[in-house]
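First chain A sits with chain B, and in the next complex the same chain sits with chain C.
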Partner chain A sequence: MIDLLIIGAGPAGLSAAIASARQGLAVRVVDEFYRPGGRLLGQLHEEPDGMWWNGLDEAARLTETAKSLGVEICCGVSVFHLTQSQNGWVVSTTQGEMTVPLLLIATGASEAAVPVPGWTLPGVMSIGAAQVMTNVQRVRVGQRGVVIGVNILSVAISRELQLAGVTVDRMILPPSTTVSGTAGQPEAVMQSLLRVAHLAPSLMIRIGSKLMRSPWMQKLAIALYPSKGFSMWDIPIQLRTTALEIVGTSQVEGVRIARVAADGSPIDGTEQVIPADFVCIAGGLSPLAELAAIAGCPFAYVPSLGGHVPLHNESMRTPVPRLYVAGNITGIESAKVAMAQGTVAGLSIAKARGKLTNEQPLSDAIQQVKIVRQHATIQFHPDIVAGRALVGQMTAEWIAP
Partner chain B sequence: MSQRIDHHPVLGSLGDRKQLSFHYNDSVYMAYEGETIAGALLAAGVRTLRVHEEKGTPRGIYCNIGHCYECRVHVDGIPTVRACMTLVQEGMQVNAGSLLPTPLKKGGHHA
Partner chain C sequence: MESHPLIICRCEEVTLAELVETAQTYQCTARELKLRTRAGMGCCGGRTCRTMIDQVIQQVTGQAPSHTVPLGYQPPIRPVSFHTLGGHRA
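Up next, the complex of A and B:
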């Protein structure tokens, strides 16, 4: 008999498992991937202090700690339905039904698809796919390719591809459409890039990013922007170039590109085809929240958090009885924030189960989420704090503080 | 040149791994223990995992973490298995998805 079922063995789910098992709860974690860790698996970047963040090591550490506390981790199990019962939840999985009093959904995020003509050709994949293939499966996705979509995630993963001996020929923008939104517009992309510029090894980019904080400087920068673009880790980033089409017959052979104006519209006569044996499409992340919707949880649409998020309070409780959420399902942030949120959820659930004798650790953990967020190396969005506050206000209408 | 990243400047080297053999369509391929079907086939230079059921155009992995189902294959006779989520087992028979009949469609094809 288990007290808590956690869906998702990523940084949030495993941290919640550890926190609640430490309070004496019997915990099971299910995940449809073949090994635990979620999207910690594959993360690899150098922090400003020169230390490497290796998600594989973090995943192994969390998994070992959880197991040592008696947490049962079931991989290769998919959850496809949830129904409320009198005393909790009935969870439909590919391994049969599981009945449990308390449920935590920590399903993380999914990559937003940005359709580009030719994107179904073999050799075209999402940027996250390339990360997993490179750092987890340890197989190169190609020799020389193009990354379509310039954002925090795609810049970080392009660097990871380079570390593994895969050449990123250049990073360019997706076609400017209603689907790609601002991701196809040079000015908007430049602004979002400035938030990661401190990670760049080049002093020039660091200094430049400080100079370009003001909007008129950014416009000027785009207008004067050299056609060759600039480079991070010698990877050319071309904000004034767009992908029109991915070309090839049985697999990727190249990308048809064009120069674009500052608003993202292609400039006549600038088209050319560049060779590539793979293409990565980076559309950014959105909370993977279908299961919370099935559970009947109310949602908020908060662009700074990545889209629709289930309502929840600081204790990671949702308005639905016995249902909790943690990690990127609540908004797109770094794995460190997800881990801190998981700890809150685990303690909060222990409290609901009557196993938390002292509430100090829970309030400390809630405080810790804010501290980690403040110190995060990678800020996915400048308005995260405001977005979180909005979700808190909306949730207060459902749950008394 | 092998597509496998045996040595990585930060993640280190892969140790000795057990070799497995499996079938993809009519050919035999080698995999290492812990490799997914998608990973082992990509390492062997195979990117096409199926053709579109109606159009017959080639498809491979897209998301590589189980969300998109673009990499669906048949494994030991079971359809709609995600190649990106499934580890290779010794002697496994993997088959690419193929064109399905569209007899009611104008200009469609029959089984």
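Up next, the complex of A and C:
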């Protein structure tokens, strides 16, 4: 008999498993992937202090800790339905039904697509798929590719591809269409990159100067107008070039590109086809909240958190009895924030189960989430704190604090 | 211009042009757009195109996104065999 079922063995789910198992709960974690770690598995980047963040090592550390505390981790299991029962939840999985008093949904995020004509050709993949193939499965995605969509995630993953010996010919923008939002507009993309200019020492180039004075930023601002763009780690980032179409008969053979005006409209006479054998499309992340919706949880629409997120309070409790959430399902942030949230959820669930004798660790853990958020290397959106506050207010209408 | 039509819903092969045209004609909700075109009703359950259907409605009709999730989710949220759902193999 288990006390808690956690859906998702990523940074949030595993951290929650550890925190709750330490309080004596019997915990099972299920995950759709064939090994635990979630998005941690793909992550490899250099922190501002010069240390490398190796997600594979973090995933192994969390998995080992959880197992040593008696947590049962079941991989290759998909959850396709949830129903409330009198004393908890009946969870329908590809390995049969599981009955459990308390449930934590830590399903993370899914990649948003930005469609490009020809994107259904074999050889086109999301940037996250390229990351998993490269860093987890060690499969070469191709010889020479083009990344369509310039954002903090796609820049970091392009660097990972390069570290693995895969050539990224260039990074360009998606075509401006009804469904591309601002991802196809050079000025909007530059603005969003400027927000992460503080990452320059780690993610971009090693310079330590202050925000507006940084040569990298000046370079970036100027680079919008000259045609060649700028390079990071020798990967050309062309904010004034758009992908018109991915070309090929039975697989990717190239990308038809054109120069664009500052508003994203193509300039006549600048079209050319560049050869490529793979294409990565990067459209950002949005919370993967389908199970919370099935469970009947109310939502908030918060663009700074990546879209619709299930309502929850600081203890990661939702308005639905016995249902908790943690990690990127609550908003797109870094793995470290997800881990801190997981710890909160684990302690909060232990409390609900009557196993938390001292509540100090829970309030400390809630504080820790804020501290980690403040120091996050990758801040996906400038208005995260305001977005979190809105979710908190909306949740307060459902749950007394 | 494009030799490849821009497909939005791969399962049901619904193009962007078809979605925009339908949204313009009927000035409808995301749900109605889904029902009229079948976009998002294929075997994957709209896992890729759901947000794009929402965006078409926002851009074409000017409807602001609300806190309610526009397109509902129905179980099973993953493609599963009838056997998994409780059927019996012959």
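In this section, the second predicted complex is superposed on the first by the 374 of 401 C-alpha atoms of A that agree within 3 Å, B and C clash if a C-alpha of one lies under 4 Å from a C-alpha of the other, contacts with A are read in each partner's own complex, and residues count from 1 in each chain.
One rule holds for everything that comes next: a residue touches a chain if its C-beta (ideal position, glycine included) is under 8 Å from a C-beta of that chain, and two chains touch if they have at least 3 such contacts.
Treat the numbers as computed from the prediction; the structure is a model and nothing was measured.
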Identify the partner contact of A:337: answer first if only chain B is touched, second if only chain C is, both if each is, neither if none is. neither
Is A:250 touching anything from chain B or chain C once the two structures are fitted on A? First, second, both or neither. first
In the superposed arrangement, does A:77 touch chain B (first), chain C (second), both or neither? neither
Tell me which partner A:54 touches in the superposition: chain B (first), chain C (second), both or neither. first
Now for A:279: first (chain B), second (chain C), both, or neither, which partner does it touch? neither
According to the stated criteria, A:181 is in contact with first (chain B), second (chain C), both, or neither; which is it? second
Quick check on the superposed pair: does A:345 touch chain B, chain C, both, or neither? Answer first, second, both or neither. neither
Scan A:193 for contacts with chain B and chain C and give back first, second, both or neither. neither
Which partner chains sit in contact with A:139 here, chain B, chain C, both or neither? Use first/second/both/neither. first
Per the definitions at the top, what is the overlap between the chain A residues touching chain B and those touching chain C? 32, 78, 110, 113, 120-121
Mind pulling up the chain A residues that touch chain B in the complex? 32-34, 39, 44, 52, 54, 56, 76, 78, 110-111, 113, 120-126, 128-130, 132-135, 137-141, 163-165, 250-251, 288
What residues on chain A touch chain C, complex-wise? 32, 78-82, 92, 94, 110, 112-113, 115-121, 177-179, 181, 244-247, 286, 289-291, 293-294, 298-301, 307-308, 394
Per the touch rule, the chain B residues reaching chain A in their complex are 3-6, 8-11, 14, 35-36, 38-39, 42-43, 47-49, 52, 57-68, 70, 84-87
Chain C residues touching chain A in their complex are 1-8, 10, 16, 20, 47-49, 51-52, 55-56, 59-60, 65-69, 72-78, 80, 84
